[in-house]
Amino acid sequence: MYPDTPPHLLLPLWPMDQVGIVAKLSECIASRGGNILGVDIFVPEKKNVFYSRSEFVFDPVKWPREQMDEDFLNLSKVFGASTSVVRVADIDPKFKIGIVSSKQDHCLVDLLYRWQEGRLPVDITCVISNHERGPNTHVLRFLQRNKIPYHYLHTTKENKREGEILELVLDTDFLVLARYMQIVSGHFLRTYGKDVINIHHGLLPSFKGGNPSKQAFNAGVKLIGATSHFVTEELDSGPIIEQMVERVSHRDNLLSFVQKSENLERQCLAKAIGSYCELRVLPYEENRTVVF
Amino acid sequence: MYPDTPPHLLLPLWPMDQVGIVAKLSECIASRGGNILGVDIFVPEKKNVFYSRSEFVFDPVKWPREQMDEDFLNLSKVFGASTSVVRVADIDPKFKIGIVSSKQDHCLVDLLYRWQEGRLPVDITCVISNHERGPNTHVLRFLQRNKIPYHYLHTTKENKREGEILELVLDTDFLVLARYMQIVSGHFLRTYGKDVINIHHGLLPSFKGGNPSKQAFNAGVKLIGATSHFVTEELDSGPIIEQMVERVSHRDNLLSFVQKSENLERQCLAKAIGSYCELRVLPYEENRTVVF
Amino acid sequence: MYPDTPPHLLLPLWPMDQVGIVAKLSECIASRGGNILGVDIFVPEKKNVFYSRSEFVFDPVKWPREQMDEDFLNLSKVFGASTSVVRVADIDPKFKIGIVSSKQDHCLVDLLYRWQEGRLPVDITCVISNHERGPNTHVLRFLQRNKIPYHYLHTTKENKREGEILELVLDTDFLVLARYMQIVSGHFLRTYGKDVINIHHGLLPSFKGGNPSKQAFNAGVKLIGATSHFVTEELDSGPIIEQMVERVSHRDNLLSFVQKSENLERQCLAKAIGSYCELRVLPYEENRTVVF
Amino acid sequence: MYPDTPPHLLLPLWPMDQVGIVAKLSECIASRGGNILGVDIFVPEKKNVFYSRSEFVFDPVKWPREQMDEDFLNLSKVFGASTSVVRVADIDPKFKIGIVSSKQDHCLVDLLYRWQEGRLPVDITCVISNHERGPNTHVLRFLQRNKIPYHYLHTTKENKREGEILELVLDTDFLVLARYMQIVSGHFLRTYGKDVINIHHGLLPSFKGGNPSKQAFNAGVKLIGATSHFVTEELDSGPIIEQMVERVSHRDNLLSFVQKSENLERQCLAKAIGSYCELRVLPYEENRTVVF
């Protein structure tokens, strides 16, 4: 009924700056018979850097995947690019993620449902929680049916079990904190060395820290929000990926603030993960993101 | 072409709490032959207060305006109401406002345009500014053509000319700070004794104080906002009346942040004033508003 | 952590018109010691009808549920009300619904997930489909685990199996068509005699009939939408309950139109059902709804 | 305070298709010392065309404006481009527009206000109306003060004065119909030969033709909208440039439908003109637009 294969994607990110880079990139793709569908370029004002994201179709027979990697590596060397990421949606393996959660299920469950319906383009390596769940809970039965390992790690103020978590997610491409109610340490972040995406149940930078719904309610705001961001050492201050808001009024109480907030969190986190997997998200400068 | 007379409005606000108040209110209106079109009631959880706003049609011959005032006054006495405000849109005079501004014109000009087009239901007593404008500026010619007094009051850190402002706005029903870049003192607020509405060019409670666009830009937010609120002694912390947001991205620079913000400010301030004039806005608890 | 019991709700709808009805209603509730939290009244211009919805708290010991029914019945008689519906969320049984679907799962699955998470306040009597699903599909395993009967009824142009459907949903309070790709007959609607809610994957009244996403795509719209509405004999023309839109651009193709549309359909249908269950929805005039 | 000069813009549109065009374009700009800030490329699926829009900074001394034109003309010849439009915001003259209106002022007045505030990047050649306005109306005094010619042309069913309008707008770059209540003929469009932008007070393709607010009201919609589109011979069916919606409810009557609609029309038309002037808008296929 509908075209069911999206075009092949190739998404190189080129954080660098040099006259002629688009020219060279286009030339390279054209020389292999590829066809550019879209290019997104962003050059911050007065900055000496250059970000781009391209999509194109190509013939994998004429341009084998390994050759493509080599071509782009060569190109990136020419321009002194610090990174070049290429993903071909139908050929490359999916990103592997670990989901870390606490007691509240709504984001975790939403991610699992989306994954089951094929709307979350990742492989879930494992789900880790510092809240114990009985074997008959929806979440555990879901994970069991779908053969996704579940690890319960009791955390205390003194022992956040970060070493064990690190071992469990060794093989992942990035981490998702789905309402994980622990602050992860700088040591954890540096050791993991890959991106960690968090969902904050408030409209950052307002309402950092605990219970942002209550903070928002007390502040009498007319818009409530949620924020998905990269985790950095400073609490709730990492680069923002996505934010969403919904209108509230005097008719809302704390409960409905929480419910509206949870609804936003689900959508906001899923959107951020989706953008990330399509290589649309790129941190830049100390605290910002480019989201193509 | 379209029905051009809106229904007569009567809008009593009853901040009090007593079983049976709606019953008595309805009875009173019905006994005078009035017909309720809508009632909005709000009773905060676990609070001993009661807010309502009613709209109804009535026959001014059968129920003279003075009689209506007397009726509602009697009713409010029965229930110990702290306030009862009644306005009949087509009979009562418009609210008189003073607009206080600084250098930036966009909110002031927008209010003047809306006023001229009949979309701002107020009479403008005067425009006060601490920024000097030449006689040939749009603003001054507009004010002159429309016979709205303009007062330039040079302010310094030491002398905010608050006494003079107070004299000029003595006869107003409420004040609008249309991007007035001075903090008004508690003494001013207490002496004026009526409501002062401000437009803040940020999404409060984030970005209080100066240059919120720059603050927002540096924070890398994905949503930029504006906030209209009542002025209290604490800077940018009064009860919020209206908030609006718009999406921003890495493509936006500080200038476009400012432009989007200004666009939101215009709409947000006008909306807040409109709601206020229709008696939809009521501060409640220390820092919140009911906006019916 | 949060107040987990919402206030008791009582939601009478009073389609009638008479001076003093709010007075009597308030009096009645007050006389039983109840406390009104909110009243929403709507009186269409120049129409002789009156709609209202109230929420209040009460003590079930002092005001037994049966007594309440009797009180409101008496009141409705006094005013000649055509209907009076009362629901007390924590006491009355949930609405029983039947879900009728075809091949496409996304709305059905979304409703099931919401139901499982306690975000859809209904009991699901059965799921009926004219599309055969294998026993190992997600849907069937979900239904089996949760002991929800599933009925596959093969339909043809000549035989829509409406008799059998009617028997299966005899005991339901309303029906939900979750992307059911059959036109239900006037006979079916009249025999069922209760409300049927449909989700239309287009922004009605544009794009009636088949493949609205393709229609919208071809029309080059910049906003794509979904519509939840009551089913009437005329195709896609029943009273609209809820509509949602999302922005599209030239970057969207038919596939992404469909995906955005499906996302809107899920939210739109769930919102409509939620509003319906809270007695917020009331058809009025030939083709409109009041949604309090 | 803020960077007050936006970067120089160069915006070529290249509706064509050929491997290597981005390469050549980038090369050309780089060879003149220019620096690309952003490129937006769009290649419709399975279509043999290619659209792009670029922004870059350059040194007008090193790359004179005439040379730039020549360079791009040469490039477009190489690729057989059907059009190549280049505009440099700070150097090229503004677009000249004619505004054609009828009785209703709101869109006309909004455009004039935005123009006066420097938020509409055009020169207004003239305002034409088929509705007579007195010399003391706001509109006429505004136009007089700002030395914008105003032409009243009485139209009848038999004589739409199209010949005279054509003469008056001979020197314009495009036309804006600001709620002009006449259907312009195919002959007019072909003779004028340039773009004509219309604002339709409904959410096309719903509610074509007259009184769309009433149509929408009668249809009981929950979202009301406005549409800006190019004018073609077929009534209200030209390619859509921008659409906006706002929520409505049973509380809205025809009057408030109209007011909300008018508010959307103002914003929607101004947004469309702004996009057009920045060369973001490009009709493609029979009935769609690319809006970069």
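Labels for the chains are A, B, C and D, by order of writing; each one numbers its residues from 1.
Simple rule for what comes next: contacts are C-beta pairs under 8 Å (C-beta built on N, C-alpha and C of every residue); 3 or more make two chains touch, one makes a residue touch a chain.
The model shown is predicted, which means the values in this text are computed figures rather than measured ones.
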Give the label of the chain whose average Cα location is farthest from that of chain A. B
Gap in Å, rounded to a whole number, between the CA centres of chain B and chain A: 42
Note: chain C sits from chain B at a C-alpha centroid distance in Å of 38
Which chain D residues touch at least two other chains? 3, 38, 42, 45, 251, 253
Topology of the chain contact graph, where touching chains are joined (line, ring, star, complete, other): complete
Using the touch definition up top, name the residues of chain D that touch chain C in the complex. 42, 44-45, 203-206, 218-223, 225, 239-245, 249-251, 253, 284-285, 287-291
Mind listing the chain A positions that touch chain C in their complex? 2-4, 6, 38, 105-106, 109, 113, 116-117, 138, 141, 145, 251, 253-255, 258
Tell me, which parts of chain A touch chain D in their complex? 3, 7, 19-27, 30, 33, 35-43, 45
